[in-house]
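We just call them A, B, C and D in the order they show up, numbering each chain from 1.
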Amino acid sequence: MSETYQSALIVGAGSGLSASLARVFTKAGMTVTLAARSAAKLDEFVQETGSKAFNCDAAKRDEVEKLFTDLDTTQLTPDVVVYNASYRIRGPFIDLDPVEVEKSLRITAYGAFLVAQAATRRMLSRKRGAIFFTGASASVKGYAQSAPFALGKFALRGLAQSMARELSPQGIHVAHFVIDGGIRSVRRAEPPNAPDSLLDPDAIAQSYLHVLQQPRSAWTQEIELRPWVERF
Amino acid sequence: MSETYQSALIVGAGSGLSASLARVFTKAGMTVTLAARSAAKLDEFVQETGSKAFNCDAAKRDEVEKLFTDLDTTQLTPDVVVYNASYRIRGPFIDLDPVEVEKSLRITAYGAFLVAQAATRRMLSRKRGAIFFTGASASVKGYAQSAPFALGKFALRGLAQSMARELSPQGIHVAHFVIDGGIRSVRRAEPPNAPDSLLDPDAIAQSYLHVLQQPRSAWTQEIELRPWVERF
Amino acid sequence: MSETYQSALIVGAGSGLSASLARVFTKAGMTVTLAARSAAKLDEFVQETGSKAFNCDAAKRDEVEKLFTDLDTTQLTPDVVVYNASYRIRGPFIDLDPVEVEKSLRITAYGAFLVAQAATRRMLSRKRGAIFFTGASASVKGYAQSAPFALGKFALRGLAQSMARELSPQGIHVAHFVIDGGIRSVRRAEPPNAPDSLLDPDAIAQSYLHVLQQPRSAWTQEIELRPWVERF
Amino acid sequence: MSETYQSALIVGAGSGLSASLARVFTKAGMTVTLAARSAAKLDEFVQETGSKAFNCDAAKRDEVEKLFTDLDTTQLTPDVVVYNASYRIRGPFIDLDPVEVEKSLRITAYGAFLVAQAATRRMLSRKRGAIFFTGASASVKGYAQSAPFALGKFALRGLAQSMARELSPQGIHVAHFVIDGGIRSVRRAEPPNAPDSLLDPDAIAQSYLHVLQQPRSAWTQEIELRPWVERF
């Protein structure tokens, strides 16, 4: 009963989530391609799984165009895209650097638009595909001293909703994941006295895979994921 | 990595969803018990799966107490509960029968409280369990000519949120499912020219099972499910 | 440009908000009637303003019917109704008394339905009127150890939305006020070192009056009010 | 009891709302300054009220800096700012021009950040001021064929929430207005058979003034405004 896809593109290298997604999607039988501003960061993972990695600044239109053209020519045109890139700075509102705020909006939201549009153009002809966006608690609640992330993640959610209303009836599954909590990683270990207080990226990836496999009669547009002890 | 549970109680017989849940949970290795105002309606399903079915009006405190005592004595104390009961009437606001409005609130929301409280008492000692609530589009949007369902389903969502904030850190997974669309059933066939325009109850049940299996580092508290062509 | 109304009924005596509303509405030229489970509590205020006060348990259908019949016969049929009654208990989920939970749902939400239906019946013939509901932070967020209030206040919000979608186009202004914070009262004084950290009931009442006066081309259905220092 | 302010800056010339705000704020005793990409459009209004108008592309950092410096030197440093600028294009998702999408994000959301930051720097020293943002139905619901507006208006709402959580306790009133419906204007007349089906900009302005006058114990952070017959 579940949907199957062949080729997944994962954009953004943050938090180890992309690596977990690649691992889980590969195991489920998909060919996985990674794209990040610095593909070199993905080397270890590429060697482990045999995935291809591309350099791409998703906030730059020509780089996104080139990425998809390269994927087309190597028969890797994706029927699944996960947009996992984001950029944030924090600090008192009056001290925020406008250049950094613009960068946050561009990487977190505008790049998502660019990638989603390129992907949609390729999916629409087949009336089939899935485009997933990784949100955060900041997608639904604007926190103090965090205006840039609120700007970017709220915008991303608006994009996802608008796309879902337009593209779901055309066969493209558009979903938005509200990841509420820190993600466990090499750099961010869990406090020993607070087990499972950080999201396991493999567990997140399993939920992405589940939503990907949903048949079109029961698609998820939005889903929350948070650790059991996270306050919300 | 996924959570496993032993014994599931499903309350409410509506829409074929309970039957699908029972089938899917049974297949996943759980013992399933059903409870409904009229357990006789579940006969066919009980014969098919060997599940037990109990008569229980979930809006009545003594019947809920008796149900759980009976489950205790038959070693069927649930570590999973799905509350799937609801009652609705529709019509112009001024024509609504107050008795029916009260019934809607009682079955849709108050019964959920009674069942959840009885279940929580048994789960808390083990610091483990899952309580899932079936919501609707009416849980997040109050529709015209549908005040009773808005009252009941909004209340149910408030209950789920309050329980999640209190009980998640104590090991109980509380989740709320926003089912947005009609559910396919024997009585409600799909228009031939609108494939997959009604939610397949088996597909819904697969999403419940997925959420049930999530490890506690990445629990879903709320998730939407709707057909690809549903307007929202 | 602003709307004018003649006769306001305010239900519920809690927190001093009803008294402030009565004062502000009276000053704006309306005849104000109060109804509460214990009208005697309103004595002082009745003497001050000359308002009439009625005993009415809003959760009881016959008492609500009697109230509106009494208002009809004394030419006090309201074209404005504010539902301000609520009931709550707090505590660990497993310790909540089901009788109290039911009472919370009945007074906070079901009574609102009864009053709103009786009022709507009278307003619809004139295609004119306003029905306002007093919500709380619990209307939009279910707090731990507060399931009864979450049940009641979420339900009330669902009622308000459903009514607004149906009745606004028929000339009845239905609004829901999310009061997020404690309300200053005789019993609840403000900490001296936290000025204006509790909502001034007169300030709340001014916002109710503003919404009441809105012309129908720009009606508010929902509005939040909270102290400047309140966390949210 | 109500707050009073001296000097209001209104940014953006769209829909006649800015003109109505200027009129209503002037009548309430404030000095009003207008800023728009093309101040010439405001000529008629400037002659009518004696307000000053400045050319300013709010999406450009240097122009925003110059605007505020000019206001400082002419003793017009605002204690009230309304951000009313926005830009939108509509169309099938795959046909959207990325340059226009970026422009929509920049004018609708990034410009709001630039203006708000410049204003906040001046308000914080006095611990007093008000910054209001004009949202739309697109702020809370992403519509099909309208991704650019969803991106921009969602982002704006995120900015408003983040600022409110940080700056309200420092004395700055940050509010977000969800304007749900078309605004009546010279270019957009109302259908004769649908009276009051478009928002009267003067009525909107009255609600902005009310929120502006709220004492800090009962501040509105978000409020909806829509015509009585608008579907939502």
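Please note the rule applied: contacts are C-beta pairs under 8 Å (C-beta built on N, C-alpha and C of every residue); 3 or more make two chains touch, one makes a residue touch a chain.
Everything numeric here is computed off the predicted structure, so don't read it as measured data.
Colleague: Which chains are in contact with both subunit C and subunit D?
Modeller: Intersection of subunit C and subunit D contact lists gives nothing.
Colleague: Superimpose the Cα trace of subunit B on the Cα trace of subunit C, which carries the same sequence, then give the rotation angle to the nearest 5°.
Modeller: Superposing the C-alpha atoms of subunit B on subunit C needs a rotation of 180 degrees.
Colleague: Same or different interface residues for subunit A and subunit B, judged by whether over half of the residue numbers are used by both?
Modeller: At the contact between subunit A and subunit B, which are copies of one sequence, the residues are largely the same (over half shared).
Colleague: Roughly how many whole angstrom separate the Cα centroids of subunit A and subunit D?
Modeller: Chain centroid spacing, subunit A to subunit D, equals 32 Å.
Colleague: State, to the nearest whole Å, the distance from the C-alpha centre of subunit A to the C-alpha centre of subunit C.
Modeller: 44
Colleague: Provide the list of subunit C residues touching at least two other chains, using ranges where the numbers run on.
Modeller: Within subunit C, the residues that touch at least two other chains are 165.
Colleague: Based on which chains are in contact, what kind of graph results: line, ring, star, complete or other?
Modeller: Chain contacts: single closed ring, each chain with exactly two partners.
Colleague: Every touching chain pair, please?
Modeller: After working through each pair, the chains in contact turn out to be A-B, A-D, B-C, C-D.
Colleague: Can you name the residues of subunit B that touch subunit A in the complex?
Modeller: Within the complex, subunit B touches subunit A at residues 1-2, 165, 168-169, 171, 173, 184, 196-200, 202-204, 206-207, 210, 214-229, 231-232.
Colleague: Taking the complex as given, what residues does subunit A use to touch subunit D?
Modeller: 61, 92-94, 96, 98, 101-102, 105, 109-110, 113-114, 116-117, 120-121, 124, 138, 141-147, 150-155, 157-167
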